[in-house]
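Sharing a structure below in structure tokens format, with a few things to ask.
For reference, chains read A, B, C, D and E in written order, and residue numbers begin at 1 within each chain.
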Amino acid sequence: MTTNVLIKVTGLEKHFGKGENAVRALRGVDAEITQGEKLVVIGPSGSGKSTFLRCLNRLEEPTGGQIIFDGVDITSPSCDINHVRRRMGMVFQQFNLFPHKTVLQNITLAPVKHKLMTREQANARAMELLNRVGLVEKAAAYPSQLSGGQKQRIAIVRALAMNPEVMLFDEPTSALDPEMVGEVLQVMKDLAREGMTMVVVTHEMGFAREVSDRVMFMDEGRIVEQGTPGDIFVNPQNKRTQDFLSKLL
Amino acid sequence: ADKPELHMGTNANFPPYEYHEYVDDADTIVGIDAEVAAAICDYLGYTLVIDDMEFGAIITAVQTGKIDFGMAGMTVTDERKESVNFSDTYATGIQVIIVKEGSAITTADDLFAEGANHIIGVQESTTGDLYCTWDIEDEGLGTVDRYKNGADAVQALVTDKVDCVVIDNEPAKAFVAANEGLIILDTEYVTEDYAIAIAKENTELLEKVNEALKALTEDGTIPAIIEKYIPAEEAAE
Amino acid sequence: MSEWFDGIKAQFILNFVEKSRWRYLLTGLFNTLKITFFAVLIGIALGTVIAIVRSTADRNLNAMRHGPGRTILSFFDKICRLYLTVVRGTPVVIQLMIFYYVIFASSRNSVLIAIISFGLNSAAYVAEVVRGGIMSVDIGQTEAGRSLGFNYVQTMWLIVVPQALKNVLPALANEFIVLLKETSVAGYVAIKDLTKGGDIIRGATYSPFMPLIAVALIYLVLVVFFSWLVGKLERRLRNSDH
Amino acid sequence: MSEWFDGIKAQFILNFVEKSRWRYLLTGLFNTLKITFFAVLIGIALGTVIAIVRSTADRNLNAMRHGPGRTILSFFDKICRLYLTVVRGTPVVIQLMIFYYVIFASSRNSVLIAIISFGLNSAAYVAEVVRGGIMSVDIGQTEAGRSLGFNYVQTMWLIVVPQALKNVLPALANEFIVLLKETSVAGYVAIKDLTKGGDIIRGATYSPFMPLIAVALIYLVLVVFFSWLVGKLERRLRNSDH
Amino acid sequence: MTTNVLIKVTGLEKHFGKGENAVRALRGVDAEITQGEKLVVIGPSGSGKSTFLRCLNRLEEPTGGQIIFDGVDITSPSCDINHVRRRMGMVFQQFNLFPHKTVLQNITLAPVKHKLMTREQANARAMELLNRVGLVEKAAAYPSQLSGGQKQRIAIVRALAMNPEVMLFDEPTSALDPEMVGEVLQVMKDLAREGMTMVVVTHEMGFAREVSDRVMFMDEGRIVEQGTPGDIFVNPQNKRTQDFLSKLL
């Protein structure tokens, strides 16, 4: 069903710099992400995974191609990207919590300033979400007082507080000490189970296998191969995918 | 109390015409000009406000309307008349020469003598400054050092930084009285009339001020003020 | 010795006690602090705005699409650059005189003129400091702000600038000390600041030593005191992370 | 339009052409440059000496044996600290007046007084810059010098200070620009610098605009020009390693 | 023969810092170095080798003990250490050439300033030494224009230009790229052959074996064992020496 497609990417190009020295990070990427789908993006370093993800909410300005989100062309100049971004949550490798605000302020800042909720509503929603990730008692803490895993869980909650329709994760566990990876993945798994549409760049193959509906392998700015985790991990067709997975596993 | 304000601009480091003094616990500008101005305002039904500023700024301030009139022991000169109007004269000023006792300068002519090369201290932008600049510096007969106020110029004379100071007679007397070893030469540099500077456009105020000056001189108010600051026996000397 | 001491004492009485001359210093000090304080506020406010424009232009102008946004940003950036060049290229006393004699020629509030003039001057120096502060805030903070749907100005205002200002707080506090000394030229246009207070006494007593030393000592005490405060602030900031 | 232009022209003639008034600006400019140049020289020389004393004390005082050497060093260090505190704690215009009216009360060479006064002031700021430069020279350079049998002063003089000064050369050149603007308060004590040149014209013509703008423009051109030179110097130094 | 002893160290102590936290880098070192001897000092990192060497010319001020150089107590306050240092050459791991002076100026600075030679004599001597190390054509170059090996050879020449009676080397080849180690060791071997008294801290065991008269093993601020290279390398007696050498070889 076409009504099911939440994001439709056509011929996406992204070049950094101009002229001969330009880095062609994305070289024509086509993709569809359906409502409720969990898409995992893998690939070697520099293959364009982050760039792809960041183009989806236009943190990177695409050089060419089109991105349709919920029927709206978000690459057109007439689109108000700030409104679109409120419907897409993003989680970064480096957490990027606001260090000058408490955990609660981090979470409620956007909903309140965007007038989506009153301060009371936002606080209530924040406490509910904090409860879900087991960090209620950190509401008044500052980010500097949290562990990496706690920071990332707060970052996820901050994005969820906007009630987004899709969540974008860029290697959310790569900056964590190994003992903290689990707690973040658990939150992501819970989220997946609740039906959230998710696009996840990650090297956590276990997570990919267990949670994802589809795995997409990128190399040199192109989608080289995609399929169910079963297909990709057990039976990769492309030579480069095989190489990549053999090094990883 | 709800009388309209009239702003007077002056440089209050010029005794006895205008200087700072604490009166009834308040920093007040007193002196001949201050009292005459107060009398005029009283006569015309205004409240006087005095703005203390650089002497060199007064004419400009009158022109731009920052102040309503300038009164700072100001001499009428042709140049100044091009910029502002002047009231009738309310006092006579004499530019005199202060030297240290035993100075080689004994008459005003010594300053203009062939080959003279003196350093003359003045207050910046006063008539003393202007005359000395034209008569001496522009003629190559000496150097003019321009101080921010008369007291600084006298201070420089005391410490031999300058050879003499050219300044109005009345402040000169005050300066000499306050500093041992200074004398005023008998020959004056130039005699001139003090008047009030008023903006060219403001002929109405000019007329009113002249009227007030006339009345206040006739009823003895102004002579009394001058007598108070410059006692007659001293003036006669 | 005792003669020397008597001389000092007489000088002291003449310069400060007689006719309550110490009050010139007190009102002067008050004006100096008033001018410095408000000038710093103007400096920080305007300097921050300039810093935002300049750093926005530096970071984004190259990558921006052509269009009205780019034109406007480029225009304001040029204005800011011009402002910085002119203000940093001329002495503050000249700026003060231009404000006093030309721009605000018809204003009578000379303390206000001084505040504006020193404030605008300070802004040019504060701008560079704040710009450094903005540049030192991780770009991830901006990305996080933008991805939550804030526009550029909101992101700057809510997220980047507060952190930038916190980083440069000691430098900004130091600007207060710099200005405190700088305002000493206010007397050039007959503003009765602390320096002028000493000048008035000197003009009345003809003894330069005491008034000048007294004024110098007051400045010194102020500077040492505020420097100590800045040092304390610095240590405190270093020990807290948020 | 043409009327306006005629007005400007008349103003220009009145302020600069008539009675050759432009000459006040020329001699003023000359004095400004003279004061700035020699003050910078004094500042660098004395500032370097202070920097050497301060960095020597910082590095060695703790580890030194008790004895006359330590006492002397500690004494000079204290003097230098006091000097820095006093000079950086008071406005330059107050220092200028103290030099003019008190310390050199009987000297007539007011330009020389200004040179000394601004030079001694500058030294306090240069000292911190040079001290940073000395601290940035690898300690191995000192060790190599000492192991060749040079005493501490020789090592500093022949090896460390030349490298330190080279490192901070742009900052020192910048001090020239800072001083150029700072000397504008010299007119406070009847020195005929550039600013005073404008003041004299203004006092004679009663038109503040032209003289002030002319003076501001001259300063601006000087600062922009010297800043460009400093930029060139910086780029050159960055491209050469020795 | 006692007349043969050039340097005599007794009970040398060196503490960094004071009180409880002091690092006791040297804990009573006794040693004699005879005229013409080549002594190699080895030991694990932090054992005090550099500190020992640097105490010999008082670059580090000893905390206790005595050092007699050529019959003079150089640790006594009355000794003019600057004159003593002119008779001892020192070569550092980091070369420490003077970057603002040419090679020739680096070499002639000390002899000329100390008035040991005229400028002409110093120049002639410098060229002779440069010739010996094969770097005559670099006389006018600046240190930044030299390779690491060339820099270290110049540093050796600079020390030799003072005609020292002993040369102290602190890991002279550790900062060099491997292909440059040989050229520096060659210069040191030549120097040894000419009869120079040398104290060398090094990890180059080949050099130690080939050149040294005596190898001294230090650990924790003490001399643990010493002897001919044959004794030490083939038959180490002490457990710690054995450990150290086994890891190294």
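One rule holds in what follows: a contact is a pair of C-beta atoms (placed from the backbone, for glycine too) under 8 Å apart; a residue touches a chain by one contact, two chains touch by 3 or more.
Everything quoted here is computed from the prediction, not taken from an experiment.
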Those chains which touch subunit D and also touch subunit A: C
Furthest chain, CA centroid comparison against subunit D: A
Dominant chain pairing [most C-beta pairs in contact]: C-D
Centroid spacing, where centroids are CA-atom means, of subunit C and subunit E in whole angstrom: 56
Intercentroid distance (Cα basis), subunit C paired with subunit B, Å: 36
Subunit A-subunit C separation of Cα centroids, rounded to whole Å: 45
Centre distance in Å when subunit A and subunit B are each reduced to the mean of their C-alpha atoms: 80
Per-residue multi-chain contacts in subunit C, two or more chains: 101, 105, 187-188, 202, 208
Junction residues of subunit E - those touching two or more other chains: none
Contacts with 2+ other chains: residues of subunit B: 57, 60, 148, 152, 155
Every chain pair in contact, whichever chains are involved: A-C, B-C, B-D, C-D, D-E
Contact footprint of subunit C on subunit D as seen in their complex: 85-86, 88-95, 97-98, 101-102, 105, 181-182, 184-185, 187-188, 195, 198, 202, 208-209, 212-213, 215-216, 219-220, 223-224, 227
Interfacial residue positions of subunit B with respect to subunit D in the complex: 56-57, 59-60, 63, 79-80, 83, 119, 121, 124-125, 129-130, 133, 138, 145-148, 152-153, 155-156, 159-161
Subunit C-touching residues of subunit B, taken from the complex the two chains share: 7, 11, 13, 19-22, 25, 27, 51-54, 57, 60-61, 64-67, 148-152, 154-155, 158, 175, 178-179
Parts of subunit A lying in touch with subunit C, wherever the complex brings them together: 57, 59, 61, 77, 82-83, 85-86, 88-90, 92, 94, 96-100, 109-110, 113-114, 142-144, 158-159, 162
Interface residues, subunit D side, partner subunit E - complex: 63, 65, 67, 138, 140-141, 143-144, 146-151, 154, 158-159, 162-163, 166, 241-242
